[in-house]
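Written out below as structure tokens is the structure these notes cover.
Order of writing sets the chain letters: A, B, C, D, E and F. Residues in each chain are counted from 1.
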Amino acid sequence: MNDKLTHFDPNTGKAKMVNVADKSVTTRVAIARSTLKIGSKLVEILQSGTLEKGDAFTVAKTAGILAAKQTGLLIPMCHPLPMDCANIEISLFPDLQEIRIESEVQTTAKTGVEMEALVAANIAALTVYDMCKAVDKGIQIVKTGLFKKTGGKSGEFINPDMEW
Amino acid sequence: MNDKLTHFDPNTGKAKMVNVADKSVTTRVAIARSTLKIGSKLVEILQSGTLEKGDAFTVAKTAGILAAKQTGLLIPMCHPLPMDCANIEISLFPDLQEIRIESEVQTTAKTGVEMEALVAANIAALTVYDMCKAVDKGIQIVKTGLFKKTGGKSGEFINPDMEW
Amino acid sequence: MNDKLTHFDPNTGKAKMVNVADKSVTTRVAIARSTLKIGSKLVEILQSGTLEKGDAFTVAKTAGILAAKQTGLLIPMCHPLPMDCANIEISLFPDLQEIRIESEVQTTAKTGVEMEALVAANIAALTVYDMCKAVDKGIQIVKTGLFKKTGGKSGEFINPDMEW
Amino acid sequence: MNDKLTHFDPNTGKAKMVNVADKSVTTRVAIARSTLKIGSKLVEILQSGTLEKGDAFTVAKTAGILAAKQTGLLIPMCHPLPMDCANIEISLFPDLQEIRIESEVQTTAKTGVEMEALVAANIAALTVYDMCKAVDKGIQIVKTGLFKKTGGKSGEFINPDMEW
Amino acid sequence: MNDKLTHFDPNTGKAKMVNVADKSVTTRVAIARSTLKIGSKLVEILQSGTLEKGDAFTVAKTAGILAAKQTGLLIPMCHPLPMDCANIEISLFPDLQEIRIESEVQTTAKTGVEMEALVAANIAALTVYDMCKAVDKGIQIVKTGLFKKTGGKSGEFINPDMEW
Amino acid sequence: MNDKLTHFDPNTGKAKMVNVADKSVTTRVAIARSTLKIGSKLVEILQSGTLEKGDAFTVAKTAGILAAKQTGLLIPMCHPLPMDCANIEISLFPDLQEIRIESEVQTTAKTGVEMEALVAANIAALTVYDMCKAVDKGIQIVKTGLFKKTGGKSGEFINPDMEW
């Protein structure tokens, strides 16, 4: 963490895209997480096999990966980037009444892929939400954030608050 | 809330798009909310005027509204819809160390706009995240969900857990 | 079938978007099919369970449904349309060495959804192709077309050449 | 061709995006082909000049090139790539009652552009289909596949089944 | 024309999307125009047949029509709309050293299609620009605006300044 | 400027995408400009504070930056590119009754970003147009073009006709 507001013009204070022309091309990885809190009825249905949980989670994984590749078209000040890899894992924790989503994105570029990982996890979470909302309108996404980041000048970052 | 898993095929349990052919065209409104928890240093900077908070929030509002219109292209089982209106409000609560986002989407269609409102609030939240992450890598989106929904066969729904 | 080249200007012969302003809003359904011919090794792997066939087919189904909603952004003279439903089924026929894809799209609109159904089936086919090409570079999509169409002024159409 | 299911996780068998971080940046070219089978009446109209064939084919070429650049947004496990070149040729073979489409895509990247070439050829084929379907509802895309591929670790590949 | 700043909140003065929920669904047409000023060398080349002018203009027409359908995804406060028709005409006026573009968009909806027509004309103009800029870097788009608008509460509007 | 019609096939004269495989990766910058001519009533409103001019201009800036990243998806023969930076400045000149927009885009790539800068300036101009058209239907975009370009084989280019 630092004091520099890289995304704002120092003179006007207005939001801007950071110029990454002089940054080095290095391998960069970001891992983001998103947790859905669900009701007991939905837990039951997801466990009972009335709906094919695997199928629903694969739909969400696919949506998240496709969205990650649109990050630069969704988040205004984000740079469009090549991507080496993007993957998402989704698991049900019945006792906790939670669905946990973890996304991992890797690139070889001048800037990191935190936003790509966050978009992937979020859109996957919203896709699960969409498919289950008829049963459980109270679903909430209770926690979304960056868990880990490696590569780039600032080195490794782990957010302990984002541990499961 | 009901028991029907409208987004899953009753025979195979596989995810599917709901057929809305026989639903009525009515006015439908959805309000979603998303809250960012931020560190004290970011609160200070946002209050000090070093960065123009209004400008940053307008960038986020614009990103959220544009994303709402892409909902059907991001969330697989969502129907593409005409939209009567989409708006977003973003406010800083310094004492709570929170940035609160509320989106409201309205349509005259066969199905509701919960997902549009949720996408709007989420992408706005991620845009704020993106612009502030250089100062505060620990930002989290701590709560995202549907606050209110009117119109359609199921009538009004208010989620008390999503009150501020 | 008729003689009118609705997509071409009668004076200049140039391609144009058909004006549907005066057409009636009716329920319209289109079913398209696409068949992949695959090698024996890929059949074996898909049957052996080394890869989770269901997961691969769900990824393809999701891609096809999302693409159907982008039809108007991909096919120049296609009208952007609301959609009541879009679904895709994908099955392996080991003895025939075929993967068969059927998409069904429904709308209540002034024009039909043939192209939406065709885009859905095609992009699903290409997604299967993509995931399996490392094992079988010779995969071909051997047959893609409209199988059935109902609704609209021209009434029901069935293409016997597209029966399985 | 090899035995490795690069697009599937070896433990779970689930579809995933291949990690190309360690692959070399090289020049890669892919040529794909797609053939439309059309009825005699459409052949006649295309030859008679009632519609400007060149104009229709240019519309299809343009759609195919634009779609090639969206490959990563359409095909879930495809990497977003820079592109050095993408071109498409479309020809009518009246005696064969065929319209033949060939796309060629070139990149300097860590992974190939087969899918980009296939998307280009397919969307061009569907665009021709769309503009001609009022005259000939029975049009079929009878053969789509990769014809040739050069560059990358696996070297040159030619599919004799895709020769004209 | 009126005094009401429909796109701004009366209390805060901030930009917002107009709520069209209570507006009537009527037929609405908009015609926009865009003019490119080009150098004499480019005029000569376009006339000489060294490049196939028709082909270049068809590429631009196709790009403009596709972009019109993305208007709501490009212009933040624009409503996503169904479209009945969108067409573009492009002509070279050698003596004036001008390329003139006219787009016409029609809808049956609650709000007009001025922006769709303007996006169509502009993206067509930029596409011509792109294909000719190697010969003539000084090309300018000298005039873009709404020429005519019919339908909706405000009735017919013709802008005399946009006559050719 | 040169004589070569790089965007056209020398044999057929048909539009094509330039092959940039052999071009060098260098730093390239492009600056484009777009000017809106507005009526006196709109000038007055923009000055009076009835609408928050800054907010409107930030919405337009955001739309322009997002559109710049879609250039390859809008302009058919444009290469998809990584981008180091994209920024936009918008200013009101009340006495001239002008709103002036300048965009600057930078890349490290095989080809330039003129079209990215032009798309950014144009979509920002159209966004301003959209938000103000209820008050002033006669707004025109009177001048759009490339002001400056550096990097690449052709070196620096300044268009004196695009000076303010």
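Criterion: a contact is a pair of C-beta atoms (placed from the backbone, for glycine too) under 8 Å apart; a residue touches a chain by one contact, two chains touch by 3 or more.
None of these values were measured; they are calculated from a predicted model.
S.K.: Kindly list the shared contact partners of chain A and chain D, in label order.
M.R.: Chains that touch both chain A and chain D, as defined above, are C, F.
S.K.: Work out which chains are contact partners of both chain B and chain F.
M.R.: Common neighbours, chain B/chain F: A, E.
S.K.: Interface overlap for chain C and chain D, more than half of numbers shared or less than half: same or different?
M.R.: Mostly same residues: over half of the interface numbers shared.
S.K.: Quick check: how many Å separate the C-alpha centres of chain B and chain E?
M.R.: Result: the chain centres lie 32 Å from each other.
S.K.: Centroid of chain B to centroid of chain D, CA atoms only: how many Å?
M.R.: So the centroids are 37 Å from each other.
S.K.: Give me the residue numbers in chain F that touch at least two other chains, ranges are fine.
M.R.: 14-15, 55, 58-59, 62-63, 66, 70, 76-77, 80-82
S.K.: Check the chains against each other and report every pair that touches.
M.R.: Touching chain pairs, listed by label, are A-B, A-C, A-D, A-F, B-C, B-E, B-F, C-D, C-E, D-E, D-F, E-F.
S.K.: Which stretch or stretches of chain C touch chain A in the complex?
M.R.: 54-55, 58-59, 61-63, 66
S.K.: Show which residues of chain C lie in contact with chain D when the two form their complex.
M.R.: My answer: residues 1-8, 12-15, 41, 45, 49-52, 55-56, 59, 62-63, 66-67, 70, 74-78, 114-115, 118-119, 122-123, 126-127, 129-146, 149, 157, 159, 161-162.
S.K.: Under the stated contact criterion, what part of chain B meets chain E in this complex?
M.R.: Per the touch definition, chain B meets chain E at residues 27, 58, 62, 65-66, 69-70, 80-87, 106, 108.
S.K.: Write out the stretch or stretches of chain B touching chain C in their complex.
M.R.: 14-21, 72-73, 76-77, 79-82, 109-110
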